[in-house]
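In what follows, chain A forms one complex with chain B and a second complex with chain C.
And then the complex of A and B:
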């Protein structure tokens, strides 16, 4: 369905209403030199943020071209090279099957990140749809949908996903389906809360009075002004979803053993950690590094979209 | 107030009913034929059909559900095909050990996260704040199962100062009273065994709590900053109260209200997270039980574990609601908002809730 662009009148209505005015820079009353501390923060802040954004881009690039960057084939078993400690030949060492861990970590970025992306995409779409319907229906449908969300949120996602993934048969695909099925209620909740605020905003009323149709009202006026918070939440959730998926793989219901998925790599090396710590350490560091990066990016987006947080971040 | 509590109780019952529906649907879609399992490996087709009839599996789905719900309400969670025991008695066996771990994790969580959050807020923008935030950043990003393995490697395998796995050292024995080893040792008055059990608890509890510490420290920091900026703090300072008293009595007390919601939810989440930790440390517990159930295709054990964790989560949230009602008079509402969420979203949703 195509939605025509905003008419002149609609555009006029949107301007100047409902805009957020950033809080004026207030001096800290109990710290006379507060401005000094703040300027220091300001110079440090963006640098860390730029670094995080750059790191996120690098990680995504690795996910795309990782297999070609790998110095060795991530799947070739070489039993003469079992459990070699990190060296110039194998920077991250080799695993119990003689496979180069650096190559496997690079190749694994794709499996882990694409799984995470699919989960978040599906959960966002389903969550937005259900949240919007709930917020706009104002009836028993709202109540029913929210109680369904309650049920989804009443279980730690790892537990529900573990049960579902087991039901679907252990594979990365099952883990992804199970995670998407458990992750959307949070977004539905969030979208419902924001849409409930937006639908009562003046500019929506004005558009309605201009005779804008219901569908168009939702798609062109309510949703575009509601979803920025969702992007922020999604970016903050990248790490959580990734950690849960690798946890499922670690338990054994996600990516299966020869796969270079990070959680599965740790799982395969776990029994031998005393003899080959590097086989556990490096995939875990890859997970932690990726999680830190995306958490920083998410925090930065959150502060950017919410002026009230700028002062205190 | 009574109205508020009744409403919450009503929602609790609805969500529990929903959980039972989810459990039933899972029992329908999970692989494995309970009829065949009940009839035995070498059963003939007729015997399997007979078993299916006996279990009610040949009846319409809706009737099966009624039957299933009635059984669950009577505490019958089915029989584990792995242990050949009723799932309920299995869970009774393993749950105390998990509760012990979760309590230990919660203690570590509180002891580290709350002071860390207060410190970071009080020294906002200073080195202490930066260090605290780095700690939070790293803590939130480490997978619990990996952290567990790394702790084992460092503290048990290399430094040899803490035991690698299990709940008690070889040769140390404690009579089972409650099922929680530390508590049993205390009840028996066996202090060396208590110390031993405690040592076995440290590493898994740290691995379990790391990501939870990050969330609580963050919440406390943010609500503490709001509290410290408010007028009543200025007023308290103006009265000449000592600084620590201002921070703790006036600041922290108010900042702890949002943190207590998070802590209540974490109780259920932590019980769920034991699936990532208990097997690594070779501990008995609900998490290890569920993982075994999943890997052995033990349908009823998995569903029983899910239901148990869900019920604990719901009760913990309900308890938090009551505690908050008692802590914060402003929450005792005259206004009745429609569709109050029973479970609030764990992530700080940027001021929207």
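And then the complex of A and C:
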């Protein structure tokens, strides 16, 4: 088998690469000009998500100024006004001690939301840190951190809260500490799994081959491509954390009577559902409304942080 | 494997690989050696093609030069100018990467960070080395325009998914060359592209290398793109260099049986239509 010599052009023809090379500035026919994508990028998400973001802002504002908005004092007991149904004087009715429920819901926003926010913030920060370190270390450190997570996951928050209540005295604060201590391992697991996948992505190698240092590699390349799933998880967990805190309040290790905390209010009123459903319904609606709002905000956040989804929205 | 002409060049080579062995695996016992002592050199401004089928060790060699695989154990020598890369500290290696050796990956979409704007990614090699933002941006836009991206100033702030395949590969090239490396390693830069875009990208690489006096190591399995681009060819198989010489002599009179097989396997317009294409037996000269 002999191969006769060929000129370079002939060789190219032979492989279908010959002919005139088109000018390099051939535009993609799908994109007649650059302005197309830019105008699309400005489009906002659907109305539901904008509404949710607006509602979240309102909820946070209420948490800040709630006590001043309250038409009645949320703590004044008036035994002549026990379990009044909703009326123009008491929009949400009164509870078994004659306290105005609207005022207590407004005042309780602060306690419930700040407790939830603290738990989730601590869990997110600690979970991200531990999960990222574990995923990137690839050594015995990974094993150790994950076994610590297993211990955390095996320990129910209620048991830890009971222990802390015994040590620090029962209060919303010890419930928050117990919750945060038991909530982060799940996030650490989640972050570790995603970061393990992202760290092997070609664009991470590619950045490393440009001389990008470790810190910048993690902060600008690995984490921005890993955390979107965490946003969703956190927003879904808003409801779960609020309900768990109220559960802790119910067994007496969370918010103490008479403090206005949504979960504690529901627990206190649960015995009177038959003749005072409003005392359970309105704090419950507050929890549900807040949970749905933050779920939608989480979705919106996920879309905002992913340029591919942002364009489709 | 080095020829006398090659030895005469010793000392003025930009990149000099001698007896390189690459093995993967954590412990010494279960390590698998995939490159078995190869020699290779590139002079400044030269275009070298490394060809071979998949699994021949050509990509592994390229990755070894930049120390990309942390789990690979290297022996032998890789010299870049005055630096011995196999023993260089992590810190010093970082100064080499991007600034003295650029690397282009095969898949232009996978090589771009999906959540960062392309401009940010093009500027990054300059920014991490202390160039001012304004200057980096200007150089990035100029380079992107030079690479044939229309309206480069406006496209600079787009995201990778807003670019077509060929345009993405231009962005990847821009990122690889913006810090003015002396050597560009292109690992199958055109494999993920269609034939017409392949030709454009190769032509751009060719022009860019000429303009900047940059050496290029083109790694490919496609003999068709080698002829028009490279000056010298290294044929690899099973982790060894099978043949090695300048492009015209290899195409005109391949010495190794494997190279003849490879060339015979490429369909050509000027050959007898009834001629059967050659095949390369799986373990032709495997050892």
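Heads up, the rule we're going with is that the second predicted complex is superposed on the first by the 214 of 313 C-alpha atoms of A that agree within 3 Å, B and C clash if a C-alpha of one lies under 4 Å from a C-alpha of the other, contacts with A are read in each partner's own complex, and residues count from 1 in each chain.
Criterion: a contact is a pair of C-beta atoms (placed from the backbone, for glycine too) under 8 Å apart; a residue touches a chain by one contact, two chains touch by 3 or more.
Note that the structure is predicted; figures quoted are calculated from it, not measured.
Visitor: Figure out whether A:246 sits in contact with chain B (first) or chain C (second), or with both, or with neither.
Guide: first
Visitor: By the touch definition at the top of the document, which applies to A:150: first (chain B), second (chain C), both, or neither?
Guide: first
Visitor: Now for A:297: first (chain B), second (chain C), both, or neither, which partner does it touch?
Guide: In the superposition, A:297 touches no partner, neither chain B nor chain C.
Visitor: Quick check on the superposed pair: does A:305 touch chain B, chain C, both, or neither? Answer first, second, both or neither.
Guide: both
Visitor: According to the contact criterion defined above, which of chain B and chain C contacts more residues of chain A?
Guide: After superposing on chain A, more of chain A is contacted by B.
Visitor: For A:194, is the partner it touches chain B (first), chain C (second), both, or none of the two (neither)?
Guide: The answer is first: A:194 touches chain B but not chain C.
Visitor: Check whether A:287 is in contact with chain B, with chain C, with both or with neither, and answer first, second, both or neither.
Guide: In the superposition, A:287 contacts chain B only.
Visitor: Scan A:159 for contacts with chain B and chain C and give back first, second, both or neither.
Guide: The first partner, chain B, only.
Visitor: In the superposed arrangement, which partner chain does A:225 touch: chain B (first), chain C (second), both, or neither?
Guide: second
Visitor: What residues on chain A does chain C touch that chain B touches too?
Guide: The overlap between the chain B and chain C interfaces on chain A comprises residues 30, 37-38, 305-306, 308.
Visitor: Show which residues of chain A lie in contact with chain C when the two form their complex.
Guide: Touching chain C from chain A are residues 1, 3, 5-6, 8-17, 21-28, 30-31, 33-35, 37-38, 201-203, 205-213, 216, 220-221, 224-225, 305-308, 311.
Visitor: For the complex, give me every residue of chain C touching chain A.
Guide: These residues of chain C touch chain A: 66, 68, 94-99, 102-103, 105, 107, 110-116, 124-125, 128-129, 147-151, 154-155, 158-159, 161-164, 166-167, 170, 172, 175-176, 179, 195-196, 198-200, 203-204, 222-225, 227-228, 248, 251-254, 260, 263-264, 266-271, 278.
Visitor: If you look only at chain A, which of its residues touch chain B in the complex?
Guide: Its residues touching chain B are 29-30, 37-38, 40-41, 142-143, 146-148, 150-151, 153-156, 158-160, 162-164, 166-167, 169, 186, 189-190, 193-194, 197, 229, 232-233, 236-237, 239, 243, 246-247, 250-253, 263, 266, 270, 273-274, 277, 280-281, 283-284, 287-289, 291-292, 295-296, 302, 305-306, 308-309, 312.
Visitor: Considering only the defined contacts, which chain B positions touch chain A in the complex?
Guide: Per the touch definition, chain B meets chain A at residues 11, 14-15, 18-19, 21-22, 26, 29-31, 124-126, 137-138, 140-147, 149-150, 152-153, 157, 211, 222, 225-226, 234, 237, 268-269, 271-273, 275-276, 279-280, 290-291, 294-295, 297, 302-303, 305-306, 309-310, 313-314, 339, 341-343, 345-347, 349-353.
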